[in-house]
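Chain nomenclature is as follows: A, B and C, assigned in order of appearance, with residue numbering initiated at 1 for each chain independently.
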Amino acid sequence: MTTASEPYVLNIGPQHPSTHGVFRLRVVMDGERIQDIDMVVGYLHRSMEKLAEERTYTQNIPFTDRTDYLAAMSNNLGYCLAAERLAGIEVPDRASYLRVIFAELQRLASHSMANGTFINDAGAWQTPLMYMFREREKILDLFEMTCGARLTTNYMRIGGVAFDPPAEFFPAVNALIDELPDRIAEYTELLVDNEILLARSRGVGVVSAEDAINGSLVGPVLRASGVPWDLRKAEAYCAYGDFDFEIPVGHVGDCYDRFMVRLEEMRQSVRIIRQALDGLPSGPHKTEIPLALRPAPGEAYARVEGPRGELGFYVVSDGGPAPFRFHIRAPSLINLSLLREMAVGTSLPDAIVTLGSLDIVVGEIDR
Amino acid sequence: MAGRLRRSLPQAVVAETDEWVEVAPDAIVDVVRWLHDDPDLDAAQLSNLCATDRYDHFEVVYHLQSLDQNHQIVVKARVGEHERASLPSVYPVYKGALLQEREVYDLMGVRFEGHPDLRRMFLWEGYPGFPLRKDFLQITGHHPGLPHFPFEEAGRQER
Amino acid sequence: MMRSAWLDPVREPTRRLSPQVLAPLAVLLVAFLALNVAIAVLIVSGRLDGHWYDFRDLGNAVQALREWLDDRTADQPGWLSDLLGDHWLSYIVTALIGAIGILSFVGVVLLVLIWVERRLIGRIQVRRGPNRVGPFGLLQPFADAIKLIQKETLIPRGADRFMFYLPPVLVFIPGLLVWAPVPWAPHMSYLDINVGVLYLIAISSLSTLAIFMAGWSSNNHYALLGAMRTVAMMISYEIPLSIALLSVVLFTGSMQLSEIVQWQADHNMWLGVLMPLALFTFFFSSTAELNRTPNDIAEAESEIVAGFHTEYSGMKFGLFYAVELGNAVAVAAFVGTFFLGGWSLFGLEEWVPPYLVFALKIAAGYFVLVWLRGTLPRFRLDQLMMFAWKYLIPISLLQVILVAFERSIFEHWDVPGVIPLALFTIVNAVFAVRIVRFWARFLGYRPERETLLAPTLTRSVGGLQAAQRMRTVR
């Protein structure tokens, strides 16, 4: 007797626990095996690139919060760097250091969320997520203390940062970075050699270094594939050249390596923050810029190493008060380029784990 | 870089500055492949791909980068007509162009010939117009375009 | 400074009790101790034994009630005896008492355990858990139930309506029936049949049908996938589960649950200690049957939303949820009965009510289940299947063979029972450890060969060439 099966289409999302937002996967499956995968995005499309063309350079900063809502500081930073490069504005040292501190705090918050949701996707019922949220909450409290907002920080300004942190910020952040290595060690102990996590994530969603470079993968996903590429070292924007830190590089390029790279990056971020706090120069925290900035016609592409990788802002000026063209190079979206290669032929749980390890943020995919 | 490119691929380079090279749209795949294969330039990764509407033409910008050499190459291609804007796809060279070219097609309306899966991405098939074009909506005093957002009128009637 | 104190229980301020509260508490404590002393005196003097008011054994009360009722019907007219039998009244009344007991027990336990599970998981996950409705959030399950009952019942348009209505009810029936043969105390069992083990295996597989029905009738791919996974997994894991019970039956020589417990009480030996491999097999297979972590692939919420009950809402979902919890408690009860000595606790059951001992064991088992749920990630379907067929079934079969030999030695060796039992305990423990290692290696598991590589740290950036360089250095 022969049995036959025919493929069927499974719609994962737009509302689904592990798509992390309104993101939809159309999966053609044969039983539990994935034959084809296609992503449907745009549910969160707010047309930010168009909106930005009608607003002044300063007015555009809050938009960048809302793209990658888990890493608002990095987005602010990337956009401000682009605008500064376009207008030729120098940033005071103190502002650069503060930018580094907040961008690294944001990376810690974002990576803890990414690792937590990744293990949640692997099936641990929210416990690691809650553990990691505990630390994330404290970082968000620091943000709130400094700029009054937790997620949509709107903290960086063209020419510096909006506020100097209040006096009580420094003891709090010192206490936090003293505590964080212990916490990260705790996660390592709990998760790194968990046999089930290993069984689920090793050898799943493997991307070779060649494919990762060719497929424009960036950030922890690229580094997990074995490519030592980090814009903080390569471009040394802000004050990153002053600090001593290392780039974690994975071995195989599977989901487990991505998880481990993120975990190690959290450690390195703590290192950077500690150095930045020690060496924080005094002085003004921003340069005064004209309210209606009118850069000379030209274009600038500035990129930062966001938590999800190379976060680029391409800004074109025609001499007016608003950008002529404003484009965000969204790492979440472009990291999905190889999703089909990673997922086809595997089973549904593997695809979910792979998606979780890519750490997408739908606000950034759709913009 | 532009000089070497001019020697290797004559007719390809249209204009150049310190920051970028503008190449002929038909030659974009050859140029990109040459940049990708050249051991000194080694443009291994397509970092960013986007398009700008310059009213009379589109400017498609490729930010290529070499990870080993740690430098960036900006290549531009000018696409002429608004109605039939099209350009060869660089997907055969860079797999990372898959979604970026789809995005440019969706929002700017530049067709990429040879792209394996060129569909609208954020908007749905049949959406009228391409929103990032400057003439998509009319802004009083700035430029002409559609008087209101597509489907705005239809939505009002339904209600 | 703004602090998220509510996220961190460590920072929770400790509440101190005021003297006005402490004084009555002290009085109550003294009264409680005095009561205990009085009870101890009663027990030691033997004045409690076997009477209907012997609180240590509710079975005595039911027994007394049955005898009293039999006295009432002793002079019933002959035609009634012909029609209904001699003891019809006592049969009906005691059956009703048992049924009401099970129903109310399961109901109350479910309501309490929803709260317990949520509080425990909250504690595991460094958060508070429900604490708003009632004292310590104790009324939360009632609030949930009221909410679920009030909700509109949604039925998908493409669903098979009749088949869609049936499964929540069908799944509840075995959920209640499994409780029937559980011995709570020496005479306290609703249905002490001599094929209790077979009854359990038969009843527990009934719910597969209901689950498959639910998945099929929902007309939803998630539900169907969940149902298929459930069926595949339940069928696979029923085999190691039954084999584990086979060792128990072999060694105790009985399929009657009360006899199995009695054997453990008589020999002062828990079967879980005697055959740890069977305990593990039974427990792991049960988590698979229950769809609980790490085997909750049938309702893996990160993959297939809620599995077979994706489309169910309102009290239909509530019933599925309640049955799932109830089955978890039932599994804890069976682990307690078969492997942890049931109501016996090395003679202590003479002093405290046996059903309390048993309840304690259930609570312990349930705690382990909740603990697992709060801790572990989930396996993949093919990994679980492989684990059942290639791992659990062979090693539990070997275990059965070993137990069979031990049983015949136990029967024919003419020494006090302690000696062979102690010997078998050691042999079985060694066997369990060795076979687990050996079989894993036999199947190709070599943890020492694949070292866990932490990411390499580097200070220089680069692309493909740097990646290849790093690869060769390693």
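Methods note: a residue touches a chain if its C-beta (ideal position, glycine included) is under 8 Å from a C-beta of that chain, and two chains touch if they have at least 3 such contacts.
Everything quoted here is computed from the prediction, not taken from an experiment.
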{"item": "Relative to chain B, chain with the most remote C-alpha centre", "value": "C"}
{"item": "Chain centroid nearest the full-protein CA centroid", "value": "A"}
{"item": "Inter-chain centre distance, chain A versus chain B - centres from mean C-alpha coordinates, in Å", "value": "25"}
{"item": "Separation of chain A from chain C, taking each centre as the mean of its C-alpha atoms, in whole Å", "value": "43"}
{"item": "Centre distance in Å when chain B and chain C are each reduced to the mean of their C-alpha atoms", "value": "61"}
{"item": "Per-residue overlap in chain A, given as positions that touch at least 2 other chains", "value": "213, 227, 229, 234"}
{"item": "Two or more partner chains touched - positions in chain B", "value": "44-45, 67, 70"}
{"item": "Residues of chain C engaged with two or more neighbouring chains", "value": "461-464, 466"}
{"item": "In the complex with chain C, residue positions of chain B that touch it", "value": "42, 44-45, 66-70"}
{"item": "Parts of chain C lying in touch with chain A, wherever the complex brings them together", "value": "1-4, 7-8, 121, 124-127, 221-222, 225, 293-294, 296-297, 300-305, 373-383, 452-464, 466-468, 470-471, 474"}
{"item": "Chain A-touching residues of chain B, taken from the complex the two chains share", "value": "19, 44-48, 50, 52-53, 61, 63, 67, 70, 72, 74, 94-100, 103, 107, 121-124, 131-132, 136, 139"}
{"item": "Complex contact set, residues of chain A against chain C", "value": "8-11, 16-18, 32, 119-127, 130-131, 133-134, 137-138, 141, 144-145, 168, 172, 192-194, 196-200, 209-210, 213, 223-230, 233-234, 246-251, 257, 260-261, 264, 347-350, 352, 356"}
{"item": "Chain B-touching residues of chain C, taken from the complex the two chains share", "value": "461-466"}
